[in-house]
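Going in written order, the chains are labelled A, B, C, D, E, F, G and H, and every chain counts its residues from 1.
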Amino acid sequence: MAKELLKGNVAIAEASVRAGCRAYFGYPITPQTELLEYLSSRMIALGRVFLQAESEVAAINMVYGAACTGARVMTSSSSPGFSLMQEGLSYIAASDLPCVVVDVMRGGPGLGNILPSQGDYFQVTRSAGHGDYHPIVLAPATVQEAIDMTVLAFDLADHYRHLVILALDGLIGQMMEPAELPEWQADLPTPDWAVTGAANRAPNRITSMHLRADESEAYNQHIQRRLERIRAAEQRSIEMYTDDAELLVIGFGSAGRIAASAVEMAREDGLNVGLFRPQTLYPFPSERLAELAEQVGACLVVEMNAGQMLDDVRLAVNGRAPVEFFGRMGGAIPLPEEILDTIEMLCWSLHVVE
Amino acid sequence: MAKELLKGNVAIAEASVRAGCRAYFGYPITPQTELLEYLSSRMIALGRVFLQAESEVAAINMVYGAACTGARVMTSSSSPGFSLMQEGLSYIAASDLPCVVVDVMRGGPGLGNILPSQGDYFQVTRSAGHGDYHPIVLAPATVQEAIDMTVLAFDLADHYRHLVILALDGLIGQMMEPAELPEWQADLPTPDWAVTGAANRAPNRITSMHLRADESEAYNQHIQRRLERIRAAEQRSIEMYTDDAELLVIGFGSAGRIAASAVEMAREDGLNVGLFRPQTLYPFPSERLAELAEQVGACLVVEMNAGQMLDDVRLAVNGRAPVEFFGRMGGAIPLPEEILDTIEMLCWSLHVVE
Amino acid sequence: MNNHNGNDRTEFVFSGFGGQGVMFVGQLLAYAAMDAGFNVTWIPSYGPEMRGGTAHCTTIVSRKPIGSPMSPRPHVAVVLNLPSFTRYEPLVREEGLLVVNSALVSLTSHRQDIQTLDIPATTIAENLGSVRAANMVLLGAALTAKPALPLAAAHSALEAHLPPQHRSLLALNHAALDAGAAVVLERL
Amino acid sequence: MNNHNGNDRTEFVFSGFGGQGVMFVGQLLAYAAMDAGFNVTWIPSYGPEMRGGTAHCTTIVSRKPIGSPMSPRPHVAVVLNLPSFTRYEPLVREEGLLVVNSALVSLTSHRQDIQTLDIPATTIAENLGSVRAANMVLLGAALTAKPALPLAAAHSALEAHLPPQHRSLLALNHAALDAGAAVVLERL
Amino acid sequence: MALKGTVVIDQERCKGCQLCALACPQNVLILDPDLLNAKGYHPARLEESHNFCTGCAVCAVICPDACITVYRQPSPRRIERTEAIYG
Amino acid sequence: MALKGTVVIDQERCKGCQLCALACPQNVLILDPDLLNAKGYHPARLEESHNFCTGCAVCAVICPDACITVYRQPSPRRIERTEAIYG
Amino acid sequence: MIPAAELERVYERPESLTALHTNYCPGCTHGVAHRLLAEALDELDLREQTILVAPVGCAVFAYEYFNLDGCEAAHGRAPAMATGIKRLLPDRTVLTYQGDGDLASIGIAEIIHAAARGEAITTIFVNNAIYGMTGGQMAPTSLPNQRTTSSPSGRDVALTGQPLRVSEMLATLPGAAYVVRRSLHDPANIRKAKKAILTAIQVQQRGLGFSMVELLSTCPTNWGMTPADALTWVKDHMLSIYPLGDYKVSDAARELSA
Amino acid sequence: MIPAAELERVYERPESLTALHTNYCPGCTHGVAHRLLAEALDELDLREQTILVAPVGCAVFAYEYFNLDGCEAAHGRAPAMATGIKRLLPDRTVLTYQGDGDLASIGIAEIIHAAARGEAITTIFVNNAIYGMTGGQMAPTSLPNQRTTSSPSGRDVALTGQPLRVSEMLATLPGAAYVVRRSLHDPANIRKAKKAILTAIQVQQRGLGFSMVELLSTCPTNWGMTPADALTWVKDHMLSIYPLGDYKVSDAARELSA
């Protein structure tokens, strides 16, 4: 397919359609609303399901029901709405249901504003509700990646029977960039666990309840084993100039692409700086980062929040190198120039780069 | 006051009354319901406010409103209900409102069960909704501590104008132990920021909205500075046999007290094992733990979850010592004997204890 | 490895149908222990039972601070009905004590490594005035066979902690405690 | 330190009232750049304005991959009304270009370090048939003064990307682009 | 003249709630005082000492645990099974 | 005979929605074509060329931005201020 | 006693129930509601076409008790979950089974919007005026002065309002095709309840809109009564607050129920 | 022109509004609703006794526009927040101001339960049949076939149901003392709306229960109309779907409004 000029939110919507998403349930909230609006006509035109729910609570529970039928389903929201989905997300995860949730993060906490932010990192990677599990979390930095990761999200969700979150910010959601849409994916057969009416088979039952401690623990171990497989197979990241980097700049999504500009500038200035951009936030690409940590003199984490992925970086680096942080919060967007300043300062103070 | 035999949930309820809690809004959910039930008669008898809300979403937003009047207010719930409060919690935090929320954690994810668990660690310490902030989180391990921490929670909430969460599990909530109730606290004056009607002063306005990036970032920096003060002043923990410990067992709440039994047994067996029990989960007592990490040969984290505080321990230890984990999940409760087994195994395999 | 639970700590489990007063008898023991200066914990059952099932609780009496309040292998199990017998008979710790309400439980334990007391508590209590005092009969028996506390402590706890609405049953409960003790002493 | 933005990358900002077509003109430039093989990003305004305020967007045209899509100091600012002038005039990068719709903006820039083009775009467009083509007049002027792309690329983008419901305005828009270019060429 | 019928009660399933016994127009159901099922309840049983079961199925209609199967002498007008009892 | 009145319009606050002008029974309000306020709107103003303002306050009742202050010749029967206009 | 062989079996446990023993307390009419629903599905031959959404509440295990495909919703969200299912499987019968805490308190938004959309699902609404599962707290449906564990001196209507009459409220919504209230307190009423359930499901089958049968039900355990007294309490105290009747029967639905 | 000195000031901007210019679009009747509420508070001399709860929606800044103590609720939760405030400050006047997305969609549970409890708060419910702030998506109140950005070919009632009539629904609740619908589309109706707001607040002052005034309002921007056409659209299209009237006036409230 040829490249088109596509807005992130719309690109995700169309990519989901082509990936075979059969149903979308959502509730308007800036800056994700174009996604919902696009699907409101697109899905109905295709004879698929679009329904504006009465709330995010209802939306995630409609997704929960729809996912029980074995169909590919999706919802999207932004930070406050995503908070309202926490209970439902935990239920979905605890029912081994594949589904895709898009969080176009905005400035918080509270009502905050509609500016781009990465303040939901903890909320998407750590808990997404109560109990022990992690969703798979994909973080695109370009419109093209948003498209590719949408398709990947559905595939991973089905493959692992797991919840997948596409976490981006309003910048990528509302930006237009040239990108190529994916091929149409063929229809998948209905999985054998789906509830569709117990004709010619024993009833299928989907539940997240495990009243007895032994059963509940066994189920939790099952989730943990799945997460282990996911951690082993799905860590993804992008690197730039890491071969000889002495200072490693680490950022995801928008912050990652802005940091890339700063790294380019630093290279032009002759500094041996590299970039590490996690594409999966869960599983966090700890293995590769741990390797790189052996080689570099220091790490600089850049985020559009107060330092959340910072924890994952420090856990991966585990004391092998100092880890510094530069962040903008509450909807403020870092400039390459200010990241560059920090890089230069670090290069001097840490003497990591000659 | 003399010691009484008190159930954790009831003890928290009565302690909140004596600490001057003026209003309670909540929704029934096992295993926290006794707290609500106790207050349903107690508060009304005292002419204070008790209201069973239509849902946890409503409960937290009633608390939000009540906190705006400057009164001491509280709600309580358990994991799924706590998930439903996430949006409201983020709004409350972003409005600089003091209030106290009790989470009596149960087995998850999803509907799970009503057994004791610590599976909300991430949810309470990391995000509690969207955006950049952390509530103060207190984790009692005994009924007496539950009482003392309830009083402390209200005091810290007022002192910092910050959200405080009391995080315990059903074991402590439903256990009876001898404990002493606190003195009645004197009534506090209405704070000058409260909304009470703009008589003889300019209107007070409470909002979590900051539409402009610069304002929003400034507000976020204000929260971060407050969190820094909290981290500097409020780290709390309990230690046992840390003087000469070569293996440090770390656990909070129920897991911490059960680990204490195991440490006692290990000492009887002549092993140089110590216990570190965080009483504040946020701020995590990293400073003291980092010190101890210099001295011990290894750490063993014990939790009633898949390893969540584990992250905070590893962040504090930062590679200074190996950190191992023993956990039970989904409502299963560890036995001192199995912790002891792990201690012994570690002592051999890590050669940390002679 | 030591026996980590020496004589410092005694773990009691009480189990029966809802309505047989197992929660209360466990709490009474806890009060008695508290008033006598022991450390003590009481926890209700945690189990998958929903409605109308078996209720049980654990009371731990200890000279040292109590870490784990759980008792997977109690020193003393007091079982008031058949499902409770089936569940706890195998769990009683070696050298421990199993007290069985033989009026409602037709089985007997064949374990050699524990002491078993079959006491027709419901019948005894009925004769004293009400089947509802069966729990006290069994507690009297248990504390006599395994004197973690003096029986007198249970008597004073009754005096001090029987809820106001049940004070009319005070005499009955005292008598039941003693009757349970008497059965054990007779058999010595 | 280098000038990190050499000639590889040109950042345009378009700003005016809602309804003046600033979003579309920014997108048109993006289409033109894409079709001409450049990297390009377009982002709408992020600002506290709610209803009825000023709209603006940023289009970045670059030979290298685009990291940050933001432009706090644009190379080219096209301002269609007074509030936009006030906001962007001071932000234009040194040696940059400020294109002003002088039909609606009474002020002129006094900056010496940038090039300013005052173009009565609304009047020109009105003469061509509709005030709504003022945006194209200004784009024509901007691309002529700062040829980040050949003007022909904008013409073909119009051809290719004008939404179906607006195709009746195609000729008008072509003419407006040329008229804007002509003004600049005249003044050279 | 009343029809003849009988009931079969799943005594292990029965919870001894007594609703069938109280509802039975013929008064032929009792809670068995001598039997305790595994759940610990005295289950219902048919006791036709004074009166006889007509197969009217009122007991089945009220039984919350669907423990009761009802049989009835075939009547002249044939009617569908469960529909029959709801008239 | 109609009362005499006048209005004072806060032209910086006005958004030129024209609702006052369309509602005015006397047709004495127009959007000023020559004035653009800081918000970029042509604000309303009184234009009593053909007709006169009666102080009826219909314009104030409909103005969404509370831009209009209304004055009226005192009437014989004294009535309360804002209550007056809601009759 | 007549040998069974000569007799015709006129009633047996419906096929749409599994063999599991339920966790309900003795005499709890949740069991009756289950049985009626199962019988209705049997009679309409829908067992293999049906998906049941269980609530959080004492009926949390309903998905195990019915011999159907089923799932377990979050507390109060069964109508949203059912909507998700029904939109994907429009030709299947989708049911929610909900208690009054679940439906009238935490889940009121979801039931109202399902009804407002005219979602073609059927809700069995078991109103026992209390929270059963969590041990007897007040529900929005609790009666004035009713003692519960969260209104120990009786529901104070000045502080907590009058009982919420959900059927009356839902009846105002055009999307609701069939909304009726029945009771399970005696055999005659149980028979009527059964008919209503049959009609409600048929309303769904014909795509006429949202249908709901509210069933007045008992909670002997938390009311602190014998099962028989609990039935009497329904009759003596609940019927006056919750009058039985047809609150909404759309014209199309009327033809069905006639 | 007569010199102003000879004239009496018969109307001026109410004291309960601040001097801030609002962010509302030109001609949006949110502004009218604000003015009426402010006038009512002035007249009842309640400015210093009132706490306003602003919604999420175009009126998100209401707490800045009113010269009152105020706070900003989470989307849809204003009635819960107001409940929290009112319970602590029972002698204050507590108001919520909510749009139809806020109140009828995400917040329907909170408004119903506030009304059901008879919470002594007053709600100004601004129904403009669309989501204004987020750019014109369908609301539960959107009219059949109304084009919105999430129903671009017009609201399909077969898929999304008929418009939700909130006042009619809340009127079924005993706790609701005063629930009326008025419109802001012309001066005569604006006058009636003002009276209703006065009555609603007085109902609260007397502790008679929950009170709400629904106001049919415009959204010229997202309807894609001039302000004047938008008023006409209310008259021509909304009035028939949302009949004006008094849906619930309790006996005690009737005395007040008489």
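Assorted remarks:
FYI, contacts are C-beta pairs under 8 Å (C-beta built on N, C-alpha and C of every residue); 3 or more make two chains touch, one makes a residue touch a chain.
Fair warning: this is a prediction, and the values are worked out from it, not measured in the lab.
For subunit E, the chain with the farthest CA centroid is D. Looking at which of E-G and C-E shares more C-beta pairs in contact, the answer is the pair E-G.
A separation of 55 Å divides the Cα centre of subunit A from that of subunit F.
Centre-to-centre spacing of subunit E and subunit F amounts to 83 Å, using the average Cα coordinate of each chain. With centres defined as mean CA coordinates, subunit H is found 42 Å away from subunit D. Contact of a single residue of subunit A with at least two other chains is seen at positions 51, 54-55, 57, 80, 87, 91, 95, 111, 113-115, 207-209, 211-213, 331, 333. Shown for subunit D are the residues that touch two or more other chains, namely 46, 48, 50, 52. Residue positions 15, 39 of subunit F are each in touch with at least two other chains. Note for the complex: subunit G touches subunit B at residues 56, 60, 72, 74-76, 101, 105-106, 108, 131, 134-135, 137-138, 140, 149-153, 156, 159-160. By the touch criterion stated above, subunit A contacts subunit B in their complex at residues 57, 79-80, 82-84, 86-87, 90-95, 105, 107-115, 117, 119-120, 122-123, 126-127, 129-133, 207-214, 216-217, 219-221, 223-224, 305-306, 308, 311, 314-315, 318-320, 328-333. Taken together, the subunit B residues at the contact with subunit G in this complex read 27-30, 33, 36-37, 40-41, 44, 51-52, 54-56, 80, 111. Listing the residues of subunit F that touch subunit D in their complex gives 15, 39-40. Here subunit H touches subunit G in the complex through residues 105-106, 108-109, 112-113, 116-118, 140, 157-162, 164-165, 168-169, 172-175, going by the rule given at the top.
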